[in-house]
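Each chain gets a letter, A, B and C, in the order it is written, and its residues are counted from 1.
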Amino acid sequence: MFEQQPIRHGLAALALGITASTALAGPTLDAIKQRGTLVCGVHTGLTGFSAPDKTGKYAGIDVDYCKALAAAILGNPDKVKYVPLTAQQRFTALQSGEIDILSRNTTWNSKRDTTMGSVFPGVWFFDGQAFVINSRKNPKVKKLADLDKASVCVETGTTTERNMADYARAHKLSFKPVVFEGQEATEKAFQSGRCDAYTTDASGIAAMLVNLPSRADYTVLPEIISKEPLAPMLRRNDQEFFAIARWMIFALQQAEESGVTQANVLQMKATSKDPAVQRLTGATAEVGKGLGLDSDWAVRAIQAVGNYGESWERNIKPLGLTRGMNSLWNKGGLMYPMPLD
Amino acid sequence: MNRQPALAHRPLLQRGGEWLRANLFSSVANGVTTLLLLGLLVWLGDRLLTWAVLNAVWGNASVATCNALLGQGACWAVVADKWRQMLFGIYPQAEQWRPAAAVLIFCGMLVLTAMRRFWHLRRLLVLWLGGSLLCAWLMAGGGGLTPVPTALWGGLPITLMLAVFGTLLAFPLGVLLALGRRSSLPIIRAVSISYIELVRGVPLITVLFMASIMFALFLPEGISFDKLLRAQVAIILFNAAYIAEVVRAGLQALPRGQHEAAAALGLGYWQTQLLVILPQALRITIPAQVNSFIDNFKDTSLVIIVSIFDFLYAVRQAVISDLDWRHYFVEGYLFAMAVYWLFCYAMSHYSQWLEKHLARDHRT
Amino acid sequence: MGRQVPGASLPTAMWSSEHFRNLLYQIALLVLIGTLGTYAVLNLVHNLESRAITIGFSYLAQEAGFDISEKLIDYQPTHSYGRAFAVGLLNTLFVSLLAIVAASVLGLAIGIARLSPNWLLRKLAAAYVEAVRNVPLILQLLLWYGVLTELLPPVADALRIGPAYLSQRGCAMPWPVAHPGWSAALLGLLLALVLSLLWARRARTVRDRCGRAPPVLWPAIGVCLLLPLAAWGAFGAPLEFSQPVLSGFDFEGGKIVLPEFIALLCGLSIYTAAFIAEIVRGGILAVDRGQIDAAEALGLSYGQRLRLVILPQTLRVMIPPLTSQYLNLSKNSSLAVAIGYPDLVSVSNTTLNQTGQAIEAIGLMMAVYLALSLAISGLMNWYNHRVRLVER
């Protein structure tokens, strides 16, 4: 019996030694710098947010955010490795370290912020859950209450299933959910007529409709049943990286507020007398230094993707969506960049 | 049997008549069955032929041409339009000769392996190592070819890769597990049995989920594998348990005398296994191994659920993401079925042929 | 290793002792597995800790908050994740059970057809087997589902088949309204089945003793028809059927079988039937030729030969491979997730996504399948044992 004792000790020591060495491994930012690439988790294909084009290059507003980060941290917006993820895979991909950052239209809520080991640096897109119907098949449906007892296609792995059930309960309606794995399968089932309605974020519906040749047949119902603040998501273990991620959002929004664009950023840096612009472009304040970067970090990001408004115009406007909540605070929206100082 | 030669002398018509009577109209019930089936066959065959051939749209036709015939004829134009995307996914168009070559090399390796002339360890090793490296180079690029990241790989090469490596690399593990299961050492036996039964008790899908979602949590921070590689590892580990059972059947079929003879010669455990038992056991299980490869080949299609870009995924993507062609998913899926069927049918016939062949060898 | 014994030859002696070597191998294996296991677990603990991920099964008691389209027990979004899991599990069991029955019947028919004296039937059965088993199941499921939801008419123009309606939304058919009479009839049927089994057993002992068996088939059929009918009549002979009526978006009333369910059931049965057919064929071929000749000599017809001589013997050969086919089927039912049927995997997935408890959800899923597999193989082993006992 006691012969096994040393074995057990050795085993424990071995295992402990291994974990001890892993505990010393650097946080995310060091890993990114060492690797020379930013690994960014994105949607497998959601037009406007992140979708591969014919050559396999990803584009969209979520992709732009990754590019801006790579430009700021690594000096090159193309040093990004995109990992396409399904709704189901996204959280563990982040938790396990497969990706550095999740930029995949993910709703910021308390559960994800507290129990899943992740943090959200800020809102990148304000959205809400909507319903779309085929108005040729169901001409009488004008509002959500008309959809009582209807079948609704939902993608698994999203907050939408729960929102829908909550809404139904609160309004004494009943929906029959038909749940699919993956957005393409869900959309296809809806288009085939398996369901009367399809529910997802309003932007997701717009992204589907823009690709449909028969989009005139479809109507988005007026009700928005939830708040969906879509935000990038990071692991909790790296304060420096978190700060960069947060201030990247603010910097790109500040750029829009101050009129700094992809085209004029260098010129603005050299000539602008606006203190906000001077701080943003690193002409005066040392925002970059505080973040552990150089002073040109925001300039590179803006050069890469433009300001927030430009990215929006390029990616989201073609979907036919209006800025609405995503306008800057001084234009009646919710985007309020904290002051760079 | 002995009627056969006599038959040959009679005129063709009479022979045909006799064949008909013997095989189709031997009794009233039989005759009725034949007529019913014939009716069914003609009715179905007529509809199928009209849809799939006579009314079908062939070649590079526009969607409008197909839409005009919607519901009456098949629209094979969808395959003509999309075959590249179905076979190779989003691999850069200009470079698609590379995955095509990789598929051909894979098929070549399979065909060569099927030939008994190649059944020598060294030849097989050289063949597979060389072929795999060549394929890897073709797919990944470098050294004169444009590099293509794995994120852009897709389609048939991925399916073949998952299936072939999923069997090849699972094989040694499977053999070890089979030996372990028949070992006299209690702990080794218990471990092998637990592994085999555990893996065989759960669906592949859950193992794939584990690989795609959970696995990385068990690794130290900062270490992560490619999604494709994780799925490949999951398939290897899963297959090993099934291969182990096939090998075990072979081990059980060997007469006890083989062990005793080896022991009498003074061979140790490993010598006995490697020189005496395994060569025979593996030989008799070759047809079963081919069948398990077929199962594996079909099973790789499940990776679609963890969104890995295999052949089926590429086909589905091609037929449902392009909304113009969305109505013709049946044709797309039939094309995929034909491809899978061709591979599996060829292999299953090979396995049957082999079974007969090897059985003959045993007798002589 | 105990006390030191003088003598240089000891280590070699110990090494060459087979017993010692075996012990060493086993300890090495244990150490290897232990190390890997500990390593993985420690990594996991560390990863979870450093990322503040909570772990545990307490989430099962929380409110699920999502609805499920098909449920065999009462379930509301206000119920717990645990109950949602049970709903998924029951769906898996239900569809597996039905598919096992359907696949067995179809497989038996095709297996017999494979060896029919009729050439055409033989060839058609062979074509079925070759066509079906060489294509991945998931592809067949996708095709079935696509055909059911895309090519069938919308609900408004549902195809009428007798009293039932077939559309994109599945099959809507009349269904008896809940009434004690129906439950009584169901109980009566169960009782009748048990009685028939007991009678068959008794008949066998009588035959063994007296050489002549009392009739079994006709009394069994009789009792299976009469008993439920009597029970149904005794409890008020309800005749009320709920008819499916198109109202609003879908049919209301009656029973609506979802297209996801139909596709899954058809796909699973058709696929597995091809394999079962091969097992049946193999089983029949394994019956000694002399048995068949003897039966022929006794003047038994083809049907009688099959029923009385061949199939009873076949059963014994078939049980082990059949078991593995049933196991495969129940595991393959997990492909439901690809076509949106709320089975165990689908519900677990939703739970996983809402709670983030990946390890628990997947672990639970695997544990359930494992238990299911062990249960089926245990049951079939028991049956195999019984069949074997009957044989002298």
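Points to keep in mind about this one:
Simple rule for what comes next: contacts are C-beta pairs under 8 Å (C-beta built on N, C-alpha and C of every residue); 3 or more make two chains touch, one makes a residue touch a chain.
On a predicted model such as this, the values are computed, not experimentally measured, just so you know.
The chain pair with the larger count of C-beta pairs in contact, out of A-C and A-B, is A-C.
The chain with its Cα centroid farthest from the Cα centroid of chain B is A. Computed centre separation for the pair chain B/chain C is 24 angstrom, with centres defined by C-alpha atoms. Centroids built from CA atoms put chain B at 39 Å from chain A.
Across the assembly, chain B contributes 213-214, 217, 219-221, 305, 316 as residues in contact with two or more other chains. The multi-chain contact residues of chain C, meaning those touching 2 or more other chains, are 43, 46-48, 50, 146, 150, 337-338, 352, 358. In chain A, the residues that touch at least two other chains are 18-19, 22, 88, 92, 95-97, 181, 185. On the side of chain C, the complex with chain A involves touching residues 1, 27, 31, 34-35, 38-39, 42-43, 46-48, 50-54, 65-69, 77-78, 146, 149-150, 154, 156, 168-169, 248-250, 252, 259-260, 337-338, 340, 342, 346, 349-350, 352-356, 358.
The residues of chain B lying in touch with chain A in their complex are 90, 92-93, 149, 151-152, 212-217, 219-224, 227, 305-307, 316-317, 320-321, 323-324, 326. By the touch criterion given at the top, residues 3-4, 7, 11-12, 14-16, 18-19, 22-23, 87-88, 91-92, 95-97, 111-112, 114-118, 137-138, 147-151, 156-159, 161-162, 164-166, 168-169, 175-181, 185, 189, 192-194, 196, 235-237 of chain A touch chain C in their complex. Touching chain B in their complex are the following residues of chain C: 22, 25-26, 29-30, 33, 40-41, 43-44, 46-48, 50, 116-121, 124, 130-131, 133-140, 142-143, 146-147, 150-151, 327, 331-332, 334-335, 337-338, 345, 352, 358-359, 362, 365-366, 369-370, 373-374.
Residue ranges on chain B touching chain C, taken from their complex, read 23-24, 26, 30, 33-34, 37-38, 41, 184-188, 191, 198, 200-206, 209-210, 213-214, 217-221, 294, 298-299, 301-302, 304-305, 312, 316, 327, 329-330, 333-334, 336-337, 340-341, 344-345, 348.
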